[in-house]
Each structure stands twice: as C-alpha cells, then as structure tokens.
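What follows is a single structure, written as structure tokens, with notes after it.
Which chain is which? They are A, B, C and D, in the order written, and residues in each are numbered from 1.
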Amino acid sequence: MTALSEKTEARCRASFARQQAMATIGASVRSVAAGDIELEMPFSEKLTQQHGFMHAGVITMLADNACGFAALSLMPDDAAVLTTEFKINLLSPAKGERFVARGKVVRPGKKLMVCLGEVFAEEAGQRKQVALMTASMMVIETSTGLRD
Amino acid sequence: MTALSEKTEARCRASFARQQAMATIGASVRSVAAGDIELEMPFSEKLTQQHGFMHAGVITMLADNACGFAALSLMPDDAAVLTTEFKINLLSPAKGERFVARGKVVRPGKKLMVCLGEVFAEEAGQRKQVALMTASMMVIETSTGLRD
Amino acid sequence: MTALSEKTEARCRASFARQQAMATIGASVRSVAAGDIELEMPFSEKLTQQHGFMHAGVITMLADNACGFAALSLMPDDAAVLTTEFKINLLSPAKGERFVARGKVVRPGKKLMVCLGEVFAEEAGQRKQVALMTASMMVIETSTGLRD
Amino acid sequence: MTALSEKTEARCRASFARQQAMATIGASVRSVAAGDIELEMPFSEKLTQQHGFMHAGVITMLADNACGFAALSLMPDDAAVLTTEFKINLLSPAKGERFVARGKVVRPGKKLMVCLGEVFAEEAGQRKQVALMTASMMVIETSTGLRD
C-alpha cells in the first residue's frame, strides 16, 4: 500500500468530516493509503433493524463511503467524487461490537473509478465478513461548483 | 392495487416500527397495498453528505425498507424477510424537502422475491426521481427463530 | 412514445448491424422509439445451459443491447455508447419460443444514461417476464475515435 | 486452494459439458479447485460488438459460468445451481487473444452462495482485468427435478 501525500490525506479527511451522516452513525477513519481506505463504526441500538442487527442500509453507508474515499484519494486536486451506483450482497447478519468497511479502487479511470468494498463485523477479537460491494464513482471537475 | 388484510397490514407496520433505524432517519409509512408500499422521510441536516444533500446511504435505507416491506406484505404469516442483495443507481443528487420510496414486488417467488424500488425527491409540489433500486428478498421461515 | 428521426433510427440500426454477436444469437429489432427499444431473439438449442433453457448470459446480451440501443437513440450525433455496468435479476428460467428485451432510458444524463431492461419469454401466445436489468451507459465523444 | 474430489470434479465438468452455449462461445475449463474455478475462451470475431471487441454479454456468460461452477463445486451431491442475479462492472474494452474468467465463492451459504468473478484479457503474454462480477447462486435440491 502506498501512503498518501499529507495534502491529499488532509483533503480526504476534511471531505469525510463534512459528512454529517458519518457523525450521526458514529463512523471514523481507521486507515488511509492510496486507493485503499478503512472506516469503522461501533454497534448502535438506534441504527438497528427489526431483528436487532445493524440495518443493512447503515452497513451500506459505511461501505459506500469507504469506496468513495478510496476513489477520492486517487483523484486530481480539482476533482470531486460522486457515487453513481453500487450493489451490495449481504453475506451475514450485521451482528458485532464494531464494523469495519474497506474500500479499494479496482479500476482508477479518468471519468469513472470502480471500487470493491468489504464490510467486516468484529466481536470478541474475531472478524467476519458481512457484506460485499462493488461501486462506480464518477470523477467530477470541481469547476462545476461541486466540492470534494 | 389490492388492499392488504387488516392482519397483514398490522403485521407489516409492527415490523416497521421495530426498526430503530427507521425512527432515527424519521421515516414513516405513506401508503400500503399488496406488494406495493410507499415510505417517506423529511430532509434532515444530520443525514447529509459533504455537498449538503441527503446521503446516498440514507436514500438506500428508505428504498431497501420499502422493498422489504412490499415483499413481507405478500409472504405467509410464518415467514420473515431478509434482504440478500440490492443495487441502486443514483440518478440525481438527493435534494428536496421530502423523499418518498416506493417498493414493488416484481417476482413473488416462494424462496426469493425480486423487488423494484424508486425514490423521489419532493420540493415545492414537484417530484423528481433520484434513485432506482432492484433487490432480492429472501423468504425465511420464522420457525428458524427469526421474527418478521 | 416519441418516434425517432429517420437519421437517428438509421444510425442506431447500423450500429446494431455491426455487432456480430447479435447475428450469432439471431437477434433482431422489433420496435424503435426515442429512449425505448425492443429487440427479439428466437430460442436456439446452441445457446442453452445445462437444463435446456436459454443461457442467462444470452438473455443478458439481449437486455444489455436493448438498453444500449435505447441510450444511443437519445444521444447527440457525435456520441457513442459504452456499457459501464449492469445488474440482472433472473426471475424465471428462460423457457420459450421467443425472447423479447425492452430497454428504456430512465435518466438521460449528459455523461451517463441509466436504463431499465426487461426480458420476456413468449410461448403459445403467452408472455412471461424472465429478467429485470438496470444498466449504466456512458456517453463517449466519437472524437475519441470510438464509433457508435 | 483445495483440490476437488474426483467425483465432484467429474460432476462439475459434466454439467459444464451439457451447456451448449459454452461450446458455442468456445469456452473450456482452465483450472479447478474447491470454490475456485478458471474458465477460458479465445477471441472470436462472431462474438464481437460494434467496435470489434468481444461483446460484454459474452464476457458476462464466461464470468457467470465461472461463478456457477465454483458454487457447484461446494454443493452437496443432490443439489443443482441456479443463478439468481449478478452485476458486472466492465473495466476496460474486452480486447485480447484470450479471456480468462475466475470465479470464487465468497460466502458458501446453505441456500445461497455469493461469488466474486473476475475476467482478464490476455495478449502477448500480458494480462489485464476487464470485468468484475458479484453473483448469487441458489442451491436447488435435485429432488425438484433439476439436474446440476
């Protein structure tokens, strides 16, 4: 894994910090490398579905953001990232103390970046994959008025 | 559209009410028919992404739940619903006062139900589609211990 | 449905005719309107999977092409279409005498068009939906050297 | 990678051989291990799209079959496999002398297996990834009359 420049890392973290939805679900950054990001989030009762597990949509939010962040880390300074689509397979109920989403860029295109996202549940020192995502991130010129 | 029996509607609404994540995002039920459900949610600043629009993951939660609810409305009494996968295309930024997700069952299989989800942003009396989802919902026997 | 101009229709049909894969599977154009296309294909034993039904990949080819053609019908003259991703839910075994794929543009963006594809099996005058697709089609400037 | 038992391998290869669509596109088995399969296919002009590259639908057929085969390799003797859905991201034009699809089981569930598929183009000793797939394979009891 390649480290990010200080400038790029600061830019990615600032973009993450502007997302109020990330604060609402308690997400934070675990690790940062070029095109390869890990976010994490604790279990929270207020984000559960009817069986008491974390809602699939919340798991999806974390995975989507890990992918978007990974894409942003490879983009030029004057570009912003926009998710155009993703698909997620839910492999197991999201049951655990903590959830980690890893986003990796599989194809760093100039207009579109394709990413792979994996979400793991952690409990009592054990780790289990609970979701698998593929996502398309569009590279938007910030001259359009969109910030990263 | 076919109306649901009182019993089935009560069961679907009770399942929805058990989802704390739905309360957290402020979602409620707009309309209910057999295999065809509408949920709604107001704009909320705490659920925004970095550009100030509703986070794609929140839009996804609403669409996923509309699809799951639509599937549950067609299931036998002793079955619970579990999302196995979905894909969402984000058509426009989720900008509006209110968001409505409609879930419809396209294929009511015995083991798997395939659903189509559409999310619309409403603002100043106008409605614009912002997302398109397809989802697979597994029919789980509640004898497995899983409630609906 | 809006009719296409003669010029646009001719251009779409010429692009379709250049696809040797379409001749190989026996596909032809059934109907053409702006952003709304139907292709068809007879059953063929040489395109079956292990249970004697049409292979899911062949059904997918037809649906992908219907979506691509629908997108192309709305593009400017100097643009070519490229599928960037699609997802298909296979609703029922592809059993029938003839298969019809309908592609419709849901979101005609300048850079990306999102399409909905539906495939139906026809047999003895009956029609049954066998597949549901969502697809992203990228608008490529032909100045890049890519023809439509 | 774990080797398959002779019996399971024979069964998987026999199922592959029954797929006439695979003969039509010239596909063959490159490598076989438990839950991890590689199929290959030469370039063929009759399977091209309008720009002279292999049609995305053909690439999809190969990836779908690699995933299905990988799932079948982990199933009990009395089970058959049925693709319920897949999504594919097309990363680069399918340009090459030969195409290799690798299918791996990510989640070997009792009812549903989730697989990851990757397709590579090979040319002049070089290998480039051209597609990324995620797929759901349903485990069907052959007592239903469906053979593997």
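To be clear about the criterion, contacts are C-beta pairs under 8 Å (C-beta built on N, C-alpha and C of every residue); 3 or more make two chains touch, one makes a residue touch a chain.
Everything numeric in this text was worked out from a predicted model, so none of it was measured.
Shared contact partners of subunit A and subunit B, listed by label, are C, D. In terms of the distance between Cα centroids, subunit B is separated most widely from D. Chain geometry summary: the mean Cα position of subunit A and that of subunit D are 29 Å apart.
Measuring from the averaged C-alpha position of subunit B to that of subunit D gives a distance of 33 Å. Contact of a single residue of subunit C with at least two other chains is seen at positions 84-85, 87, 89, 114, 134, 136. Remark: subunit D residues 87, 89, 91-92, 106-107, 109, 114, 116, 129, 132, 134, 136 touch subunit A in the complex. Across the interface of their complex, subunit A is touched by residues 15-16, 18-21, 23-24, 45-51, 55-58, 60-62, 64-65, 80, 82-90, 146-148 of subunit B. Looking at the complex, you find that subunit B touches subunit D at residues 84-85, 87, 111-112, 114, 134, 136, 138.
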